[in-house]
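Going in written order, the chains are labelled A, B and C, and every chain counts its residues from 1.
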Amino acid sequence: MVKLFIQSIKLSIKSQIEYKGSFILNGISQLFIFFTYYFMIVALFSKFNNIKGFTVYEVLLCFSIIQFGYSITETFFRGIDKFEDLIIDGSLDRFLVRPRGILFQTLCSDVDFIKIFRVIQSVIVLIISLINLDIVWNINKVIVLILCLISSILIFFGLFVLTSSYCFITLQGLEVKNVFTDGGKYMAQYPIGIYRKGIVFIFTFIIPYAFINYYPLLYFLDKTNNTLYMFSPLLVLIFLVPCLWSFKIGLKHYNSAGS
Amino acid sequence: MKSYLNFFKLRIITNLQYRAAALAGISTQLFFGFVYIMVYLALYESNKGVTPPMNLSSIVTYLWLQQAFFALTFPYTKDQELLNMIKNGNLAYELIRPQNFYFKFYIKLIANRMVAAFLRSIPILLIGFLLPEPYKLSMPSNITSLIIFIIALLFACLLVTALSMIMHLLTMYFLDARGVSSAYNVIADLFMGGIVPLPFFPKFLQNIAYKLPFRYISDFPYRVYSGDITIIVGKNMLIGSFIWIIIIIVIGLIISKHALKKAVIQGG
Amino acid sequence: MSYIVVDGISKTFKVSKRSSGMKAALKSFFKRNYVYVDAVKDISFSIEKGEIVGYIGPNGAGKSTTIKMLSGILLPTAGNIKVNGFNPFKDRKKYVSNIGVVFGQRSQLAWDIPAEDTFDLLRDIYKLDDKKYQKNKEELVKLLNIEEIIKKPVRTLSLGERMRCEICASLLHEPKILFLDEPTIGLDAVSKKIVRDFILKINKEKKVTVILTTHDMMDIDTLAKRIILIGKGKILYDGSLKKLKTEYGSYKNIIVKTDDTIKEIKLKGIISKKKIDGGYNLIIDSNLVTVSKVVNYLSKYHITDLDIDNEQIDDIILKLYEDYKI
């Protein structure tokens, strides 16, 4: 399976570098786009010095973890991000007549390699904020950080699978998925504790953004001693269950497009 | 004129059919509005000693207006028909039509924006007005600033569409339009105050932003509404906005002439 | 039991109903009406191993829906399908290794790279043994005469060249059944011939069962011994092409060039009369009325030219459509 995935990535890249000029131009604009995300936070903190007790580098740490997961998903799992296109252009029908899992074939279908720029940038921001924070390192903190990064990938993967399941039933009103993906991404780049209760509740217990950066980072930044917080990223695995399940249900209700 | 009215009507009907899209759009905008506001609320509450560059009610109003008129002022909304035409070289056929090619599509792009914004802005504005403090969308500071706001918003639409026309036309000169348009989108969004309002910018970037046309797209109308930009300054800025519209349209016309010529030489 | 057994399948889709005008648009914004459309209604047939079956019908008749149910893409709303012992939808993963599918209007080849790269990917997808794959690929490539073509980026190929690559791609895993959804659509005459010859060949030599949908009656004429005609979701005719031809083949087509107006022809055996540019097109049943009788009858008009034709398969099908009002 891994072999097939790597094979598919190779083909995708081969396709994309057929258009060298736009590949480079696209890469540059990726740099710009990421910069504006970063700029938003830095600009605000040039006028203010904290947000509910969090300093700029603490916020940037939160931000980089979320951005890392999102951009990895966007880069390597583009097929699931653009699932509606696969339905519209009939690729899904094609997948259905092949002896492999649909979700797996979807992941293999496209890689947006240019977005790797965003992954790199998010890692750079992560390193910058780690350097500027006075962290007393120990093995637990390394584990927490790794768990955060992995769970960040998983939550976006789960969300994209969830919104793809919606595509099986209708392609109308798909824009609402932005609330959970883009909106969630925007929101969770700040420590979730800064928001009002309702939002905190939704993004803790319904879509568990809070568990992938806010709670573990409280532990990481020594704002709590509770070691349970350290393992909160693992809760994202529970979130994956209904996401994958709904994809399965959706597939059953799929009515192929076109004549 | 009548054909343009019919055109608007048709657009509204088409848009009404996409009910789910409209509802999804509205709820997305509402969500983002709330989240943006909460971030600023948290910042303002945590920094009581600092004098912020905009007062809280101005920034809340700014954010709601931004969400309400999102479709009207979004830097680049692509029009597939126009893009296809430019790519296939079918542009040459436009020479045989009586209407001016540039203005024909200019009107179409404006109609698309206005209709989309019309359907979405009303519910968002209504909800914004009805919300309790501190989330409330405030009334305009006075009647004059409301009038300037309305004119400024209209100008904003004319300006952003003229810019967007140039972006469409430029696709003729680039093999793949995606890179160009996404770079433009980011720059325009940044300098119009779409990411952070201009008063929050560091000084040197602010100076650059004030010299570019983009600020007239959202910074100007939304801040004049709340009184953050005074009426006297606002009146002068209307003139600035108008001049930019003329400049951008003229540039667009020149490019469109050249593009048409190029299309004829290259053939279909 | 037959190789493919389709037993009373139906497929119903839910679509929203729309009417025109601003008022209706506003109304439907708040309340929407849905209608259920039967794409396929209670269809049954069976197909033996090694057959070539032409599945025909006008646009929207339910051809593609049937193919999609047979290939496991769609689950029938009612009824059962058994192919080689498999239930296509339920046993999808095991079943699909047995079939190859070509959608004429959709490509399975990656657009910007040579078809050969896609072939190699398919080897991994179907987990094919490399030696067997190489041998099979060489054979197919040679038969379809695409040795050079598969090395060029797909976007640079002509439609005919691409279709040959598509067919090759769907046969790499040596399926026992091949579904072709409009395989000759938009192809030039030469490509059509290559595709047809190839289909006949693999059917004969490899005993591949072929089910194809098409609008091109020449495909049917050269390939299919048996046709299934479907209209409005129902089977209207299922039988040999030969029988169809003898049943409807007594029909003759008469083109009459005249400036006069021909009123109703009071003769037995006149099937239809259509006004065409500069005259009329008559279809007669030569079992009921002789051509000379008709010509005699027409002599009272001023006729500039007369053309008599045996009915082509195309006209027979058109006639069938008309008979069944589809």
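FYI, a contact is a pair of C-beta atoms (placed from the backbone, for glycine too) under 8 Å apart; a residue touches a chain by one contact, two chains touch by 3 or more.
Keep in mind that what you see is a predicted model, and the values were worked out from it rather than measured.
Placing every chain at the mean of its C-alpha atoms, the farthest one from chain B is found to be C.
Centrality by Cα centroid goes to chain A. As a whole-number value, the distance joining the C-alpha centres of chain A and chain C reads 45 Å. Centre-to-centre separation between chain A and chain B, using Cα means, comes to 28 Å. Between chain B and chain C, the centres computed from C-alpha atoms are 49 Å apart. Residues of chain B in contact with two or more other chains: 19.
Residue positions 19 of chain A each touch two or more of the other chains.
Across the interface of their complex, chain A is touched by residues 18-21, 23-25, 27-28, 31-32, 34-35, 38-39, 42-43, 45-47, 50, 52-53, 174-176, 178-180, 182-183, 186-187, 189-190, 195-196, 200-202 of chain B.
Of all residues in chain C, those touching chain A in their complex are 13, 59-60, 64-65, 68, 71-75, 92-94, 96-97, 99, 101, 103, 106, 108, 110-113, 117-118, 120-121, 124-127, 153. Of all residues in chain A, only 3-4, 7-8, 11, 14-16, 18-19, 89-90, 93-94, 96-101, 105, 252, 254-256, 258-259 touch chain C in the complex they form.
Only residues 19, 21-22, 24-26, 28-29, 32-33, 36, 39-40, 43-44, 46-53, 170, 172-176, 178-179, 183, 186-187, 190, 194-196, 199 of chain A touch chain B when the two sit together in their complex.
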